[in-house]
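Listed next: structures, encoded as structure tokens.
In what comes next, chain A is part of two complexes: it sits with chain B in the first one and with chain C in the second one.
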Partner chain A sequence: MRGWAIAIISLRDLERFWKYKWWLAALVTMNLADLFVFALIFRGIVRKDILPDYFLFLAPGIASIAAFAAAFTIGREVMMELRRGFHHYLLSLPISRSELVVGRIAAGMVRGIIYQAPFMALLLALLGFPGIRGMALVSLATLMIVASMSSLSIAASTLVRNLELQATIRSLLYFIAFFLSNVFYPESIIRQRFPEAVYAIIENNPISIATTIYRHVFLPELAPSAEVQLLLAKLFLWTLLLTVGGAQLYARNLER
Partner chain B sequence: MGAAVRVRGLVKKFGNFTAVNGLTFDIEEGEIFGLLGPNGSGKSTTLLIIATVYKPTAGDVEVYGHSVTKRPDEVRKLVGIAFQDPKALWVDNPYELLVWHAMVVGYGLLDARRAVREIMEELEIWEHRGKLFSELSGGTRKKVEIAKLFLQKPKVSIFDEPTAQLDVTTKHRVWEMIRALKDEGRTVIVATNDMTEAERLSDRVGIIYKGSLRALGSPAELKDRIPAGDVLELRVDGALGEHVISALARALGTEKLNVSNGTLKAYVNRGEEKAAIAIETLSRLGVRVRSISIKEPTLDDVFFYFTGAQLGEGK
Partner chain C sequence: MSIWDDLRALALIAFWDVRKLRRYTFFLAMRFSWFLLQVLVFGLLVANMVSVGNLDYYKFYVVGAFMAVLFSMSMVKGHDVVEEFEDGLIDYQLSLPVKRRVLAIGRAVGGGLSAFLHSLPMLIVVLAVLGIESLPAALALAFASFVFASSLAGVAMSVALVLRSSDRLDILMGVSDSLLVRVSTIFYPIAAVSAVAAYYYLAKVNPLSHMVDALRLIAIPEVVQGSTVSSAQAMIAFLTGFAVAAILSSLVLLDKKIEGGYGR
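Then we have the complex of A and B:
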């Protein structure tokens, strides 16, 4: 695999990312509203013995959601390309299938990292620098969450030929990942209110895992018992499964 | 020169539909090969297999010895394709798209910008460089699509309906540019359903119909294969007697002769050779020839002859 070929493939996806300025602005606004409207209001509603500060509790989760949402947009590109037959052009270029696939996944990853950067800066401003180890953990979690979500959305966008069904699958996956996570609710409440099976799903959702790692780093008092190595191992497994599986599905489904 | 592309027993099925059914032919290095056939005949599918976009269901294609099934990465380095439907998304603009394409095919950024400007100016689309693809006319989109190949200049260039939607002047310009690729020693494949285009451009033509190859050869060879395809039209002084007509029929080797109002029409093969024989025969019999013309069959005639297709079938 040639690095420049992967970089050029990713470059096109990045250029396109900036073209949807208004859509991006709406996405940023939505995430900021989650934090500065929703979280600030709930700070006054949520019992302090459960969560001393809901605003600070939500902030790492929003950084996690931001990375996920931006990485997930690459699937939308792939879907549009299939609709317009643009994938034929990509398949005819003098690059290998693995360079094409890795380039697309990398593009989703870079989108996620770029989009998350201001939210990460906000976290640093609000909660302070967590040290070298802390930043290494956060970076590792970010890399894995953007790789897995980019691959998942790309694979979902090529699973079926019916475009309406394709959009439905992507939306469904997005909402499962978004709502069945611990971003908005603390673990103790989830365990209390949901059946054990649902709790297991929420606990093992890659977004929940990344969020817990962020919380452990930035707000150790909120996730004191987090077994970081186990969380990293789980996230790594998700990443391995979704990137390898996603890449293979993408390559296989593009070709007829 | 040897074969640049070898197609062997190529089959492509989509579900129960067989788009390509057992194609076998060679495309020689440095020639312009016309793939001729109506819409839905399997031309584009064949080209997409050569370009490694589709995988064959059976059979294989080799490009300079590299199999599309076994070594597709090597094939892609040698082949480029300009698609029938221009490939771009609505948010793309022609300049960015072409610069990106140039970089993918190996240009550095500065060279890419220079080369893109040159080709866009040559095709008279420089003024449209910053527009969204969705704002461009069909002809301009087509020019952007073929510009990709003139930038790339691969060893094997595939043009799928290159001049569809182009005005007459541009069409001729594009034909010149395609011939220039051949002059540089490159192999060119042109799929078209425009008989004039096939005839003007191609060294050899393959006629494909309902997924099968029906004829292969140079346009002249294919025309000659139509029995009595040329029409000799002779205007003579005075009436033609039965003995003259019989002698002429024997000399020309045809029974298809008819005479009306001092004009004799003979349906023959290799019209030019037969014209000389006709003049000599008539002179020997004392008949003065006032004028003679030869009408060759067109590629339309060739197509209908080899495919057995009927007018209106494509409707």
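Then we have the complex of A and C:
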């Protein structure tokens, strides 16, 4: 595999990312509104014995959601290409199938990392620098979450032929990952309200895993017992599974 | 043309929007799943975390989640209008033997009816979750939702007529969805919003706050008595004014802005 070929494919996708500046502005507004309106107001009504500061609790979750949402946009791109037959052009390029597939997944990752950067800067400003080890952990979690979500989104966009159904599947996956995570609620409440099986699903959602790692690094008092090695191992498994699965589905559908 | 001809034309225009419902099967399925997740996961969990006096937050939230869906479904009508501009469908509608004002009111009512029908499955979930068995209360909820959806569709249409660009409309819709929904009493009572003065005053003049609290007064009066954004009479007056202003603005804009072409 040639690195420059992968880089060209990824850069092309990154350029296309900036073309959706209006959509991006709306997404930024939504994420910021979740933090500076929703969380700020909610801070006043959330029971202090459960969460002393809901605003700070939500901030790492928003960084996690930001990376996930931006990485997920690559699936829409893939869907539009299949709709317009543009993938035939991509297949005619003098690059191998694997370079094309890896380039697309990498593009989703780059989108996620770039989009998350200002939210990460906000976390640093709000909660302070967590040290070299902390930043290394956060970077590793970010890399894995954007790789897995980029692959998941690409896989969802190639699962079925019906384009409306594709969009529905992607949206549904997005909402499931969003709501069935620990971004908005602490694990104690999830465990108290839902059966063990549902709790296990929420706890092992990749978004929840990345959020717990962020919280462990930035707000150790909120995730004191987090077993970081175990969390990283789980996230690695998700990344491996989704990246390999997503790449194979995309490669298969490109040639159908 | 007699008044009956105008009414017949109005009905034809209004049902034109409703007939497009079949195209949105997957979109509706997705929205419905999203709503179920909000009510059965997010709402249940968050209700266990908050404490606002004696307020039953879960019941409070369920009505708010329905309002958020109704708002978003109604605002989608703006996108439809922009697409119709691009497809030349507005040209076709302007060429029909129908008065401009009938066309404007018909599109707003049709948009409202279509948004309401899109939201109807969610309303049924709300009735079931809240255990509302009273037919008058259910009909009042449906009627109020339909009227408000028509007002919002009128606003969305006016905004689309002014912007005439799907890009600009996208950002405005995204921003309005994010800010108007959050800076309102959809997710929290007005007393909680008062923690931040700027948000409090914005929520007080936000039509979504008045509408969602009016729906709560109909659906769960025992839960929200005394914690609404205004008194029942003031909310009805505010919402009536909003509906009239929304329909009038779309009427004036359709009449003035389209004449002489609508090129960008």
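Just so it is clear, the second predicted complex is superposed on the first by the 256 of 256 C-alpha atoms of A that agree within 3 Å, B and C clash if a C-alpha of one lies under 4 Å from a C-alpha of the other, contacts with A are read in each partner's own complex, and residues count from 1 in each chain.
By definition in this document, a contact is a pair of C-beta atoms (placed from the backbone, for glycine too) under 8 Å apart; a residue touches a chain by one contact, two chains touch by 3 or more.
This is a predicted model, so every value here is computed, not measured.
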item	value
Partner chain(s) touched by A:Gln248 [first = chain B, second = chain C, both, neither]	neither
Which superposed partner A:Ser139 touches (first chain B, second chain C, both, neither)	neither
Touching partner for A:Glu81 - first (chain B), second (chain C), both, neither	first
Which of chain B and chain C A:Ser92 touches, first, second, both or neither	first
Touched partner set for A:Leu40, first chain B, second chain C, both or neither	second
Chain touching more of chain A, residue-wise (chain B, chain C)	C
Touched partner set for A:Thr29, first chain B, second chain C, both or neither	second
Which superposed partner A:Glu15 touches (first chain B, second chain C, both, neither)	first
Of all residues in chain B, those that touch chain A in their complex	14, 48, 51-55, 72-73, 76-77, 79-81, 83, 85, 87-89, 91, 96, 100, 103-106, 154
Chain C-facing residues of chain A, complex	22-23, 25-27, 29-30, 33-34, 37-38, 40-47, 50-51, 164-165, 167-168, 171-172, 175-176, 179-180, 184-186, 189-190, 192-193
Residue ranges of chain C touching chain A (in the complex, touch as defined)	25-27, 29-30, 33-34, 37-38, 41-42, 44-46, 48-52, 167-168, 170-171, 173-175, 177-179, 182-183, 187-188, 192-193, 195-196, 199
Partner chain B, residues of chain A touching it in the complex	5, 8-9, 11-12, 15-16, 19-20, 80-81, 84-86, 88-89, 91-97, 255-256
